[in-house]
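We just call them A, B and C in the order they show up, numbering each chain from 1.
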Amino acid sequence: MNQEIFKDNWELIVGLEVHVELATKTKLFCGCLNQFGSEPNTNVCPVCLGLPGSLPVVNETAVYYAMQLGRALRCSVNRSVFARKNYFYPDMPKDYQISQYDMPTNLNGYLELPTGEAIGIERAHIEEDTGKTTHIGTSGRISGSDYSLVDYNRAGIPLIEIVSEPEIRTIEQAKAYVSELRNIILALGISDAKMEEGSIRVDANVSVRENGEDNLRTRCEIKNVNSLKSLGRAIEYEANRHISLYENGESPKQETRHWDEDAGRTRSGRSKEDAEDYRYFTEPDLVPLNPSKETIAKIDQEMPELPSERRGKLADLNGVKSSDMTLLVERDHDAFALDAIKGGGEPEKVVKHLVNNLSSGLGALTPEALAQLVQMENKSEITSTQAKKVLGELVQRGGMPANLATELGFEVVGLNDLEKLVDQLINEHSDEWERFCSGDTKVQGFFVGQVMKSTSGQADGKIINQILNERATSE
Amino acid sequence: MNSVTPEQYQSASEIADLVATREISALEILERHLNKIEEHEKDVHAFNLVTINEARAAAKETDKLISEGENVGPLAGVPVAIKDNLCTKGIPTTASSKILEGWNPPYDATVVRKLKEAGATIVGKTNLDEFAMGSSTENSAFGPTRNPHDLTCVPGGSSGGSAAAVAAGFAPIAIGSDTGGSIRQPAALCGVVGVKPTYGGVSRYGLLAFASSLDQVGPFATSVKDAAIVHEVIGGYDPLDSTSIKQAPNSFVNEIDQGVKKLKVGIISELMGGIDGITQEVIDQTNIAVSTLSNAGAQVEEVSLPAALYCLSAYYLIAPAEASSNLSRYDGVRYGLRVDGANLQEMNVNTRTEGFGDEVKRRIMLGTYALSAGYYDAYYGKALKVRRLLAENFAELYKDYDVLLSPTSPCTAFKLGAKVDDPMTMYVNDVCTIPSNLVGHPAMSIPFGSGKDGMPIGVQILAPPMKESVMYQVAHTLEKASQ
Amino acid sequence: MSDSISSDEVKHVAHLARLRLTSEELVTFTDQLRAVLDHAKDVEALELDDVEPMSHPLPIENTMRKDIPNPMLKPSDFLPQAPAVEGGRFLVPKILGEEE
């Protein structure tokens, strides 16, 4: 049910590596400000510039945030050891990155998608961010640039890297994974996780295999995906690229590729040599982290309500679709919905209003007001068109719908009066009535229009139709 | 013998007393030392840079503060020479390498800050083997330092400049760094006291890293008491160094006279003849030290440290591995030498190829190899296990013994150029000192007699982690006896 | 293990370490590195499966700092000594790029 079958016979396999910038006050290994948008090279010190003689000291808040995220993802939180990942690149002040390798903080968790599947999380570890390199030349891409400029403000910002198992099988799942991960991060308050600002970055590992195959084939890592839409496009492009190669008797090379948004394709990445040998070894300048059971218990106790729990509360309500639940939680309107329902509003209508008519915000609207509005609609005291208008006013200036409806002159014509009107019209327009009764549905609009005219629009169209049909069948 | 050592050494603690009580000014003390430097530095080449103006300004400031009634600190007006791999703000710090020639750090190493706060007058930056890699100071990009006892001989290394500065009387105290013996071995060859503290006992913040899990900063002095005073000043917890010990021991001077009665001293048999290149005169002097301690009331026995035989190999895998990573940052991008290239990678290669000397290149390649895919387990991984074995050996011994004893260097100072052609021959100089670095234990060398050519011999005292007090007591006893 | 290190391997690690060797240096360094690694065969030969590696000499854990700002440097503290600068950023020659 969750397979996305490409071209009849191929299965998509995706694993996602997500990097999240933590919203600490200071960097991971020094007391420089963790701040976006400063003048280049102004949030730096000997440590994050990698000056000779400098030494790292780890930020305890970054570690705490990492453990919180680990527990939210149901990982085990372990004794961890920092390691050096050695390679030369100008955005790395030490020409090695301090990360975690075989003893990371978090291991073996899972992320529950809104649709219910659990995607395995292999690990979530702590590492430092690099500086930012800008390529100056014709295209802003590396190839074709004349030189590059480096700013180290970002060097040393704390990152958590979350690595999923290759258990994602559709593009929708991939997007849902990132959205849900983001929602969890926002619920924890550890990052603002904005893809467009780079505080959350997604790399996709993509491979395909024939339907029914057991083993995993060669995968490529896709970088430079800056939105969920691009993620989908990139995965699709890359999967098709692999399939084409296989169908031509070739196979993809294991490599890193970059997504080119403008051209709509991936391109081979930079290393012309063999896979980089990072020569990982334990970071001698830092000591192991060994959180106590008490600390982990505290983190569990203080865990805020996560999106899956919030959706769960809505799931028991009748008539609420799972896509609506996800949307409400994403917009932070789920608690409001539950309050309105508790206040007497019928769940399906409450959710419908929130989903369809309140996407730009709740303003001054209260749950009690929404509950009353829905009750009025259900008792036909107000048409749905009128309800929308009243809702708009409630958002603008608050108050209760009954008062506002009166103020706006929205008096719905009562059922008795409507019946009388319809009967009157049937008498006055017997030809048209006969046509309607013999099945001419076009005439229906004529009758509804007439009723609306006499009531200056204060009639519920659905009820008019109901009455017409009743009269017709009783003939 | 071509010697430029002074008749008598003036002690740092004496100087500090005289300056603090205003019997002599800090400036006067400085000028006396600058004169000595002027006279013999051209022969010794202990310094990469003598910071005459800064020193005068600092000495004047010290005198001013004292005249205002301020307590300037335990090293008031004492001239100190700093190894040129420690950051001194505003003063070039080169690690004796072309790749950092002229680089001016924007900050002081913690040790440098502490010395300034204690009232010391920094007289200059001393020569070293490039990036602290060597045992003779012949690997410096700026020419070798010569042993003040015999200018045709090496001073030892890598802190040869600091050892020579003290031996020549240029400064009563100096600071060096010790990764495999780089304080103790030159101390022995130059006939001065040299101490490697417990790992984490002195901050490494501002020390240009060679091998991070082995490096320690420590003092050179002409007496055990002076060394202990400097150690107290520079030691202690530093929040800028994650490997710094919170309860670092910091009181050595008060108990220095305790003597050695009832102490149990173990002589490491593996280092008393079983090794390459150890000379009979060194063994003889060490035995005399043993008798001295015995006569002073210590219980002395031979002990075995089996893992000692593997230390040289383990060290020459671990140290270069860490060094290969620590030296990656010298890439021509942010500071220091840049030799241009058609693209970034070529620039990196050109810069590092021209900027590093042969020994540094050797060790970087050796270290890179030891860490590389496929070889990690056989080399680096194994070496880390030898380290654990060694720690267990030591722990066993220290259940029964208070300190251990060995020679510091297998031989006295050799001639300049004698060992430059074969790296292995040079590496063997460190065989007695390396074990302490691998396990992070304190150790020190004190001058104890000389060889037939009159060149100094040093004896090494090793102590358990954080037990420097006992080490200093034993050293003090031996020092008194040898006077 | 076989012959401890070949000149191809020396070339490879030199490249990883961003060093260039002349053909003479390649020969000399290979001999010298081989001598050290041969000496290290004594360690290589030890049976140490049950021994835990020791990366740190000290048994310290959990040294951390609070998330509080510390004084930072100003660009004038270090940019004047940089080999090349433009617009307040470090300038480097072009980085070899992607293939098409």
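The rule is short, and it goes like this: a residue touches a chain if its C-beta (ideal position, glycine included) is under 8 Å from a C-beta of that chain, and two chains touch if they have at least 3 such contacts.
Since the structure is predicted, the reported quantities are computational estimates derived from the model, not experimental observations.
Across B-C and A-B, the chain pair carrying more C-beta contacts is B-C. Remark: the per-chain Cα centre closest to the mean position of all protein Cα atoms belongs to C.
Subunit A and subunit C have CA centres that are 41 Å apart. The distance from the centre of subunit B to the centre of subunit C, each centre being the mean of the chain's C-alpha atoms, comes to 24 Å.
Note on chain placement: the centre of subunit A and the centre of subunit B lie 58 Å apart, centres being C-alpha means.
Residue numbers of subunit C whose C-beta contacts span two or more other chains: 16, 18, 55-56, 58, 60, 63, 65, 73, 78, 90, 92-96. Taken residue by residue, subunit B touches two or more other chains at 103, 106, 213, 239, 242-243, 324, 328, 331, 333-335, 344-345, 348, 368, 372, whereas all remaining positions touch fewer. Annotation for subunit A: residues 46, 49, 51, 57-58, 88, 90, 148, 150, 277, 279, 281, 284, 286-287 touch two or more other chains.
Against subunit C, the residues of subunit B that register as touching in their complex are 103-104, 106, 199-200, 213, 239, 242-245, 309-310, 312-314, 316-317, 324, 328, 331-338, 340-350, 352-353, 356, 361-362, 364-366, 368-369, 372, 378-379, 381-389, 391, 422-424, 427, 438-440, 465. Those residues of subunit C that touch subunit A in the complex are listed here as 16, 18, 55-56, 58, 60-75, 78-79, 86-100. Of all residues in subunit B, only 86-87, 93, 95, 100, 103, 105-107, 109, 204-209, 211-213, 239-243, 321-322, 324-325, 328-331, 333-335, 344-345, 348, 368, 371-373, 376, 380 touch subunit A in the complex they form. The residues of subunit A lying in touch with subunit C in their complex are 24-26, 30-33, 39-46, 49, 51, 57-63, 79, 81, 88, 90, 133-135, 137, 141-152, 258, 267-270, 272, 277, 279, 281-282, 284, 286-290. Those residues of subunit C that touch subunit B in the complex are listed here as 1, 5, 9-10, 13-14, 16-20, 29, 32-33, 35-37, 39-44, 46, 48, 51-58, 60, 63, 65, 73, 77-78, 81-84, 90, 92-96.
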